[in-house]
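Following: one structure in structure tokens, then a few remarks.
The chains carry the letters A, B, C, D, E, F, G and H, assigned in the order they are written, with residues numbered from 1 in each.
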Amino acid sequence: MSHLKKILKSVADGELDIDSAMKQLRSGMYEDIGHSRVDHDRLERNGKPEVVFGQGKTVPQLLDIMNSLAGRGQDVLVTRLSQEKAEKLLKEQPDAVYHEAAKILTLKLSEKKSTDSWIAVVCAGTSDLPVAEEARLTAEFYGNTVKPIYDAGVAGLHRLLADLDTLQEAKVVVAVAGMEGALPSVVAGLVKAPVIAVPTSVGYGASFGGVAALLAMLNSCGSGLSVVNIDNGFGAGYLASMINQIGLED
Amino acid sequence: MSHLKKILKSVADGELDIDSAMKQLRSGMYEDIGHSRVDHDRLERNGKPEVVFGQGKTVPQLLDIMNSLAGRGQDVLVTRLSQEKAEKLLKEQPDAVYHEAAKILTLKLSEKKSTDSWIAVVCAGTSDLPVAEEARLTAEFYGNTVKPIYDAGVAGLHRLLADLDTLQEAKVVVAVAGMEGALPSVVAGLVKAPVIAVPTSVGYGASFGGVAALLAMLNSCGSGLSVVNIDNGFGAGYLASMINQIGLED
Amino acid sequence: MSHLKKILKSVADGELDIDSAMKQLRSGMYEDIGHSRVDHDRLERNGKPEVVFGQGKTVPQLLDIMNSLAGRGQDVLVTRLSQEKAEKLLKEQPDAVYHEAAKILTLKLSEKKSTDSWIAVVCAGTSDLPVAEEARLTAEFYGNTVKPIYDAGVAGLHRLLADLDTLQEAKVVVAVAGMEGALPSVVAGLVKAPVIAVPTSVGYGASFGGVAALLAMLNSCGSGLSVVNIDNGFGAGYLASMINQIGLED
Amino acid sequence: MSHLKKILKSVADGELDIDSAMKQLRSGMYEDIGHSRVDHDRLERNGKPEVVFGQGKTVPQLLDIMNSLAGRGQDVLVTRLSQEKAEKLLKEQPDAVYHEAAKILTLKLSEKKSTDSWIAVVCAGTSDLPVAEEARLTAEFYGNTVKPIYDAGVAGLHRLLADLDTLQEAKVVVAVAGMEGALPSVVAGLVKAPVIAVPTSVGYGASFGGVAALLAMLNSCGSGLSVVNIDNGFGAGYLASMINQIGLED
Amino acid sequence: MSHLKKILKSVADGELDIDSAMKQLRSGMYEDIGHSRVDHDRLERNGKPEVVFGQGKTVPQLLDIMNSLAGRGQDVLVTRLSQEKAEKLLKEQPDAVYHEAAKILTLKLSEKKSTDSWIAVVCAGTSDLPVAEEARLTAEFYGNTVKPIYDAGVAGLHRLLADLDTLQEAKVVVAVAGMEGALPSVVAGLVKAPVIAVPTSVGYGASFGGVAALLAMLNSCGSGLSVVNIDNGFGAGYLASMINQIGLED
Amino acid sequence: MSHLKKILKSVADGELDIDSAMKQLRSGMYEDIGHSRVDHDRLERNGKPEVVFGQGKTVPQLLDIMNSLAGRGQDVLVTRLSQEKAEKLLKEQPDAVYHEAAKILTLKLSEKKSTDSWIAVVCAGTSDLPVAEEARLTAEFYGNTVKPIYDAGVAGLHRLLADLDTLQEAKVVVAVAGMEGALPSVVAGLVKAPVIAVPTSVGYGASFGGVAALLAMLNSCGSGLSVVNIDNGFGAGYLASMINQIGLED
Amino acid sequence: MSHLKKILKSVADGELDIDSAMKQLRSGMYEDIGHSRVDHDRLERNGKPEVVFGQGKTVPQLLDIMNSLAGRGQDVLVTRLSQEKAEKLLKEQPDAVYHEAAKILTLKLSEKKSTDSWIAVVCAGTSDLPVAEEARLTAEFYGNTVKPIYDAGVAGLHRLLADLDTLQEAKVVVAVAGMEGALPSVVAGLVKAPVIAVPTSVGYGASFGGVAALLAMLNSCGSGLSVVNIDNGFGAGYLASMINQIGLED
Amino acid sequence: MSHLKKILKSVADGELDIDSAMKQLRSGMYEDIGHSRVDHDRLERNGKPEVVFGQGKTVPQLLDIMNSLAGRGQDVLVTRLSQEKAEKLLKEQPDAVYHEAAKILTLKLSEKKSTDSWIAVVCAGTSDLPVAEEARLTAEFYGNTVKPIYDAGVAGLHRLLADLDTLQEAKVVVAVAGMEGALPSVVAGLVKAPVIAVPTSVGYGASFGGVAALLAMLNSCGSGLSVVNIDNGFGAGYLASMINQIGLED
């Protein structure tokens, strides 16, 4: 029974007066901490707790939000967090862990068994590692088994083909590449699983900060491929988790 | 056992000489019909027969390819096919069906039961219908149940919220929008399923043929959302089918 | 009392069962005519009936929507309607009026007295007339007095200054210009009223279909100026009407 | 009687010789302080004193301009002022106030009662706060009541709907968002008041420093919505003030 | 004595009352013919009669404007005029001449001796001829001697160097080029005169309708070079005329 | 001995007076036919006769140029020639041959044995054929052996690998692709020869008329790869010919 | 008699052998100092000595070039020179003068009387000063009288009109503006002289580093206006000098 | 006999079991060092050892890769390496050489005689030197003779023409230019050899970091010209080496 229906029912049953109903619609669903409205309904609505976008927020703001989430027993994931801010947060939240390459901070209050099926995270070059790691860590945070295949770009196809089995048996693939962004097209031509393409800003000149790779991926002639924002390893890892956990208890 | 391994094994067993092995690697996998190399291995490799991109091909070329596929008992899907070319093809292939709005031609040689779970295809405005229909027909071609929710743009949210149940219980959502492309973000905030966002070229002025919508979707603050090319209803339908059929026997 | 509150109250009073409440939330607010969901709640929610975007809709679709609106006594405004489609619609709706330059069709079921205060619609060149007319006709459709000042571009400032009084006493100004789009900046420097800037696609070469004018207006050093989409005379006329009618009974 | 007419009249009356008339046209209207021409006529012409754009000016230039304005009893508003420059100015102008988040410095010589009607300033995320604050402070500087609704982006619609009354009863709404910039479209679909959309440069990758949000807002399917430059909180606050004070004595 | 000063003087002398003065300021300077405000002051203010931009104007509008100008004895130049419209105009104005390649229509009421000094108009390829001709005809319309050097692009430098004398003795040079737009840079390195660079939309692929040539010219390492809009032969011819006639009686 | 040195020598030897020397520098090198300067020196200077860019030239202009070249015994190659213009030219030049798919017209006055080494022309899809054919025909026009490998895009790598020998033994490779433009990168990773990448305008949406493929190729991580303009099959064929004939007598 | 002709004549007269002739063609015209080829012919060919582009050159490179020029008695102008490099150069060249705002260094070996006619340099805002100063100093370096009219943007037209006489009597006008770049259009509508428009990178958001202003200027409806690169005060000053000195002995 | 064929043969001969065959296919071809897969097959496949892209890799990663390559006796070339990282690497690899201007580090284990034929590397200005040097050093690393012609831009053509012989007798030309990028077009018009055009990011304003030069080169009317990425001196030097060594034993 949906949240809305429950409240309507309580109103109909006379268990709830109208003003309380309207207040409850609000208070139960987020916490207003001044600068932010922490979305506590999100776990129920979207199946995952709110994720904190670290960039552009101050350390006190971040702490408030972490406390609001952790205070309700929700695991915390902060993305795009600079080393400098992370160090300040760790002093206050010593149980949190900071992953430097991926610029991700996690605070896990529970432990979950990882999935049997796996997500393959492929990346084209060593320079794409930070984005691939952001995807990997995000997916692992949500309880997925991840198998990384790194530095397997199209200029030396045999490096990719060497891990063809891992790739073809994955339930979903995340393919990360900068420069000409050709890797996801090649991967999509080799597998049956959905491929999530992540362009990175690696490159120079006419790569335009990842635009060349982004366009290549959007125009891929490979089927079953979709694209997330440039350097958005988090988004790819999150979506991959969703797909990998289809069929598990929702 | 993979195709490659099988051939290696036959070679090892002396059942196959080297030159034949190399020829077999080739001949079994595609048919060269001059202008095209029809990819017959694709059904096995990608789980789906090759799809024909109708734009930029001549009618004789299209017929050759259709015959090559149908001759091996594979269903045929031709996308981005003009009415004019379709009429010529239908004379030669009277069993094919042309879907005008979606500019898709299908030739089904087999019949498959549709899935129990469904794909929700939401679109923002009536002008986005052709792209939404391309997604719907593609997904149905591959044996999926599709539930359309059309003309449900963010300027009148209640039109979307009215079908919240259909949306929230879908296994995967395709969200189609032109202009500002805000619909997928709003949808992603409401559901637990993956959302495939399709920008359309509907709009004028600074919509730049769909670029405004594309950028909005790539920058979505909603999680679990990925994007395909502008007007790429086919790609969205194909990917949605992949995800919807996860867990069914491949 | 809001629509939502009214329904909640009826539920609390036992006058309405839950399922009916949920149905009512839906049925009262839009009419689903297959290809479209006509938003009948919009008059109440936004103060104006739904406007029909004519581009990309078929004639039968347009007729269905017009009938749905007119059937509830709402005035109808169709924008971006080609002459060809307009002629077909006029056969079915002989009371409607088509304005060729502005590509607008109106069907007025009621007559309203125009406002005492006025909207000044200024345009830079004769080639910008269609967009200026779209703004003027939209504003008049909603019951506003409009004073046009046409062909008053910055290359001959005296042509603008000659009508300074009309300009400076307007309650709101719509300034339409293509090419370098300098007119709104100059106008904003001369008046106390809000200026709505409308870039047009008039120009060639590096005007990029109105982008040059759009950027100029977004970067205006004049204060009290905001911008709508390229060629969006409708949007400017609609917003000007909103502002001009502030203080009148809402 | 306009300034021009007054001077013509004095000439006609013989009270003013021609050269003095021409000089007066000049001297009465601005003060030339070398690097700048401070526009003292602006209060009369535009209803507001000149605003100082702090970026790209040196501290001595800024002081000269502040003195020129304050010396005539005009309130001073400096925008886009770095902390570093602000500290130097405050030493010379200890009565001024610097608002760090919004990078605004104000020097108020008079005190004005705030309006009864209010401006709602909505922003999508915590990272958009600085721009929202620039809008809020600007509007308050000009004597308006402002009600902020912060961190209410479309990924969690209930956070916005919770303050629907404040929003729907505002006389004008400023809607601030980065990333996909969907918030103003959703807001415009919910209210009767004009909506001023402010794209922010918050985001990464294909947000292109706010271009994605800007395009989304320009293409909004919501009516009554217009757009200002990326991060232009000042412009939105200024225009909102203009609209909110319509009907008050000009 | 300026126009303004003359009127002020008449007012001071009592020869003119204030209202007449204000009317005179207006009526003497343009003619309002409804859709257009024909700028009759322009001959005095800018030294040249108003030029008519033919694109986007209807035939009746064009006729009205031509009559307004010719009626006051001013020569008429209409640019960007399609063959179709030109034929209709010529029926009404049989003394006018239409230049098809340049899409220019001229109506000369007076005859002027051409200048002794000349303007060199160089173009890179045969495909650039229409723009070069627009520049040449415009300059000739204003009484200048023009020497064309056509099809002299940088891929065969000797073709340009063959006419080095004509080039180096010109008072001003117009250099027209599409594709990579290198010609003006090379020319500027060879002459002492100002070079007006005109990018054309000739090219394909990454020429982006003339943008490649435009950017090349704006970034020229040659000094004494400035640029006009893509395909703006008129603008170049007009400016060249201005410069060529410096020192002649204005 | 260079052309310049020869003339200097004749002057020194008194065999040539100065004015004749200067004239000779000019007359020997091109023919001025009014609208065009046909570059007869080019065969000597660049090793190949001038090529005629058909687009934007009139039929009479094209005939003049063809006659000027053929009159001196030079083979003629006209590119980007519409079917309509071609038919008119063929009436006057019945020995010429028009290649419809490639939009190329050739007039060969001599016959040359083709090279032993070959150029491989690979293309990604059937829709890229016209550009691949333009490259093939251009290279054959200049006496090269060409081996085409068509419809061998990266979505089905085996189709490319099947012809690996032809590819790896080519002296130079032309790789043609639209959409995501990944083919040249993959090819460059497999061969030792230079790869000339040709982006095509095949695609839709975010392919932006070939820009996506162009950017991918410019950013290729493969070495030994360079790029020509979008759809510039001619340029690729010409350059491939140059490289393939290195070592042959020039 | 041209340089080339002189040498040809010496060869014909037997005064010069061929190898010396060829050497002289080279040595007389530039000095090769390893990293640079200093163009000493430029004074004769272009009427002005070579100008040194300071950006991207090292201090030793700059010194070498300065010495090469000064050693031949040519005045030296270095543009885009950072303060830091300037200080090092001044130690070696104490007679040089560095202009900080304009980032220009000059070394004048001769003194020239300034022209009677003047160049008006107008700029829109105080923030545009550095570019305007670069134009002013460049023009003065070449012996021109310059009259600056600063901070006269279109938001307060009276500030510009106050100096109408200075503007209208100038022989050429340089108009500098950032943001919406409207000033040159307005100026061109008021004067008979050529207007050189200089876009500046002043602005934020959708000004895109001066692109908005650049596009506005390229699309100006004002005649007699041409454009130089963003922030290219030097180019404008140089061209203005050329035009201002027409008619003076070259 | 190819690597693949050899392995197949060993399998057929029973000298190799299947699993070993598959392992050998992998292990022989690259070394997996965790963060990277060093491509040892590349020397055989592409004729050159793998090149290391220094940007975005950490010092330990770079050392690992260098050791992996040098450990197999392969020469090492690291590009885009900052001075800071280079100093750290040199401590560990004292035999390596760092070229500061070109940001290249080389470690040569063997010495090769340079080619008799040469590559001409031309650059337009002194500021383009770093990119030209990257091309020169790369080509020399691979055993080519290189002749540099620096600071020979089109603004002073005689500087280029002075070295015409060196240019015209080169086997291949690398032409490097920023700003308007005209040099390669002019060079291609003068030579018979292939021209590799390298746009640089030198410039300001509308050069957009090298885009203006890139577009100019892609649109060149010169034949036999192809383009590499902005600032990609390495790519040009590598390709030039390939072409220069055609006909030498591969």
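To be clear about the criterion, a contact is a pair of C-beta atoms (placed from the backbone, for glycine too) under 8 Å apart; a residue touches a chain by one contact, two chains touch by 3 or more.
This is a predicted model, so every value here is computed, not measured.
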Any chain in contact with chain E as well as chain H: F, G
Copy pair chain B, chain D: interface residue numbering same or different (half cut): same
Rounded Å distance between chain D and chain E, as computed from the means of their C-alpha atoms: 41
Centroid spacing, where centroids are CA-atom means, of chain B and chain F in whole angstrom: 38
Centroid spacing, where centroids are CA-atom means, of chain B and chain G in whole angstrom: 58
Touching two or more other chains - residues of chain G: 45, 53, 125, 155-156, 188-190, 205-207, 211, 214, 218-219, 221, 223, 229-230
Which chain pairs touch, all of them: A-B, A-C, A-D, A-F, A-H, B-C, B-D, B-F, B-H, C-D, C-E, C-G, D-E, D-G, E-F, E-G, E-H, F-G, F-H, G-H
Touching residues (chain side chain E, partner chain H) in the complex: 124-125, 153-157, 179-182, 185-186, 188-190, 203, 205-208, 211-213, 215-223
Parts of chain G lying in touch with chain D, wherever the complex brings them together: 125-127, 129, 150-152, 155-156, 158-159, 162, 202, 204-207
Complex contact set, residues of chain H against chain A: 25-26, 29-30, 35-37, 39, 41-42, 45, 50, 53, 55-57, 61, 80, 199, 201, 209-211, 214, 229-232
Touch list for chain F against partner chain H, complex: 2, 45-48, 51, 53, 171, 189-194, 196, 214, 218-219, 221, 223-230, 235-236, 238-239, 242-243, 246-247, 250
Interfacial residue positions of chain H with respect to chain B in the complex: 5, 8-9, 11-12, 14, 17-18, 21-22
